[in-house]
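Residue numbering begins at 1 within each chain, and the chains themselves are lettered A, B and C in the order written.
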Amino acid sequence: MELNKTVSEDLQKIRDQKPLLHHITNMVVMNETANATLCLGALPVMAHADDEVEEMVAYAGALVLNIGTLYPQLIKSMIRAGRQANDLGVPVILDPVGVGATKLRTDSAKEILRELSVDIVRGNAAEVSILGGFEGEIKGVESMGGSGDLINVSKEFAKIHDCTVAITGEVDIVSDQSKTLKVSNGDEMLSKITGTGCMATTIIGGFASVQEDKSLAAAGALAMFGLAGELAAADTGNRPGSFHVALYDRISMIQPGDLKDNAKIEIVS
Amino acid sequence: MELNKTVSEDLQKIRDQKPLLHHITNMVVMNETANATLCLGALPVMAHADDEVEEMVAYAGALVLNIGTLYPQLIKSMIRAGRQANDLGVPVILDPVGVGATKLRTDSAKEILRELSVDIVRGNAAEVSILGGFEGEIKGVESMGGSGDLINVSKEFAKIHDCTVAITGEVDIVSDQSKTLKVSNGDEMLSKITGTGCMATTIIGGFASVQEDKSLAAAGALAMFGLAGELAAADTGNRPGSFHVALYDRISMIQPGDLKDNAKIEIVS
Amino acid sequence: MELNKTVSEDLQKIRDQKPLLHHITNMVVMNETANATLCLGALPVMAHADDEVEEMVAYAGALVLNIGTLYPQLIKSMIRAGRQANDLGVPVILDPVGVGATKLRTDSAKEILRELSVDIVRGNAAEVSILGGFEGEIKGVESMGGSGDLINVSKEFAKIHDCTVAITGEVDIVSDQSKTLKVSNGDEMLSKITGTGCMATTIIGGFASVQEDKSLAAAGALAMFGLAGELAAADTGNRPGSFHVALYDRISMIQPGDLKDNAKIEIVS
């Protein structure tokens, strides 16, 4: 329960401090992640012009990089913004959407990891595995439900890339180099609408802006987002349009006390 | 009822096979068409970088091209993706948004039709007429309600461009070179929110990925989307925000049996 | 009540004439402003390719420029479209999103104001103050609630830039060079979702397309949008996802008579 107390205090800090989350993100989810940011209690800005990203990131509590609809110039802006974030101590969160599907995505995500000090990577099992170089080792990750292999993959990934990694799926696994956490909040409906992975990354950005321990930040964010998904699904059943609307409602309605009582976070390693 | 049986089986195939629909589309509807894809039971990807479209289309069940917010580089990516799709036998669907309004749109749509083998074009009466070169012949198409002239336009278009064409409006007309179908599902509320034409094109992509007969694919998709519109309008009345939400719910809730019982497709020529 | 009668007649004109609102706008709100346009009763088009903006603006009742996700080429397209709009007498509305946050935003907004005859600028107190050169003079504008200083800022801004200006916030202030209006409709929930400022600008574009007196156009639009916010908040309470949906419903449901009865517009100078 000590973990739950900490993450609930982090939520209160976000609501009090209203950090700016600077997104350089994909065109599919710009509106949705901006609204998720507001529901969390933070402030969104979407700015990707090469000429302004350094100035914008200076106001930010976190920088969220998402390669969902990447193109070469966008990656340049991400690296420019990320270097400034590194210089200023602003946490950098990377969502390597679709890594492994194309060479451009894989190369771009690797370039970002090489050029920047990334604090947290959030991806699904396939994306993290590919980016960690484990393709051959974990077959059928989607059906594994977050058991043994994913814990090892996450620990190895954290070591190789010197960062915190969050693998999201039926169960979420978060590792830094010293500990591994499991988060069991969530609902299957989160996989029935687009952009929920990107929203999770945004909310991780919010928690990372107020919490030095980045694996705890990621776990707290995933517990909160998963809890919002549970509550929204209870409201709307198997209707994806209605669920999408209720998801925003529920993110905004969750109070620190709710998170303290209902976060399902445990240390597994 | 033989047609209805076929299109309901096609819907079941989509739900079973979960084809990837690769979109190179406009910035207004990226989220909305991705969500429509998920509600249909398929998987969306939005990828338009010149360097990755050939790889991405190799995974796809269909390639959806939509020129709603076009710019010259995007058209190049569409043609590159489309050539690969043609080589691999992946169906190509074109939505020529706003053709006729500007020279760039008209020239770009014509270039796509010239450079690629397009399987299905989906547009409104004005767009299809202009792209078929019939401007002078069918005046006031918007008020015609899909009667005689549109059938002739669609047949001629299919012949000229060697493809299937779907003209959507109060009644939808679908022609290939051997037959013409009329689809009477739909609701006026579909014209009260943006992106429903684009969503229809997306759903045509889904049906085209499992059905060789492309006019049947287009008719089945339009019947299903129109039925979802009818059901959503019955849920929400004349409230466009609520209708938009219910439309996603209803796309996802329609089962093959519902489509078999309620599709209004007939052969008219 | 003479003002209310005029703005209600303007709403009727929009519903009758269905003007096309040409947007060159940001990627976050393209769908949302297109849907707000349809709910208002006008027709949206989003077109930003340099090669087509002159043709497109020729069909338009108003040109809406929004720099929310600007990049240098987009500003060039805005200026090209705006010159054509000026030549054709199409009203130009500018939303200087984030001016002051980065040099690119400030320089771009100033370039637009210098190169074009802008009819109406719509921004929050900070944006308008910075663009008017008043940074040092009005501290803490966000907490001022639209009292004295903002009226002076708006009057000075209108004089300097020879245009109408609308400062939106808890209370909205609209000035041209001859009069200043205060609009008191609105609800705090409008600040809980993204894009409501951009939607307000879109609706100003709609009213500007039917009303020569641009401060009256802006005031009517802000009264209508604020009233929609009040009604939507009454429907949904403190739930931002549900409020977003209800906001579209309410924009579309407001009739001229409702606006006549409930607009809170007064002349303050």
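Going forward, a contact is a pair of C-beta atoms (placed from the backbone, for glycine too) under 8 Å apart; a residue touches a chain by one contact, two chains touch by 3 or more.
Source: prediction; values computed, not measured.
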Item to check | Least step count from chain A to chain C, where 1 means the two chains touch | outcome: 1
Checklist entry - Looking at where chain A touches chain B, is over half of the residue numbers used by both copies, so same, or under half, so different? => result different
Checklist outcome for this item: Expressed as a multiple of 5 degrees between 0 and 180, the CA superposition of chain B onto chain C rotates by 120
Checklist outcome for this item: When centres are defined as mean Cα positions, the distance from chain A to chain B in whole Å is 34
Item to check | Sites on chain C at which at least two other chains make contact | outcome: 27, 31, 244-245
Next on the checklist: With touch defined as at the start, can you tell me which chain B residues reach chain A in the complex?
Outcome noted: 27, 30-31, 34-35, 38-39, 44-52, 55-56, 59, 244-249, 252-253
Checklist outcome for this item: Contacts from chain B onto chain C in the complex sit at residues 26-29, 31-32, 68-72, 98, 101-105, 192-195, 238-242, 244-245
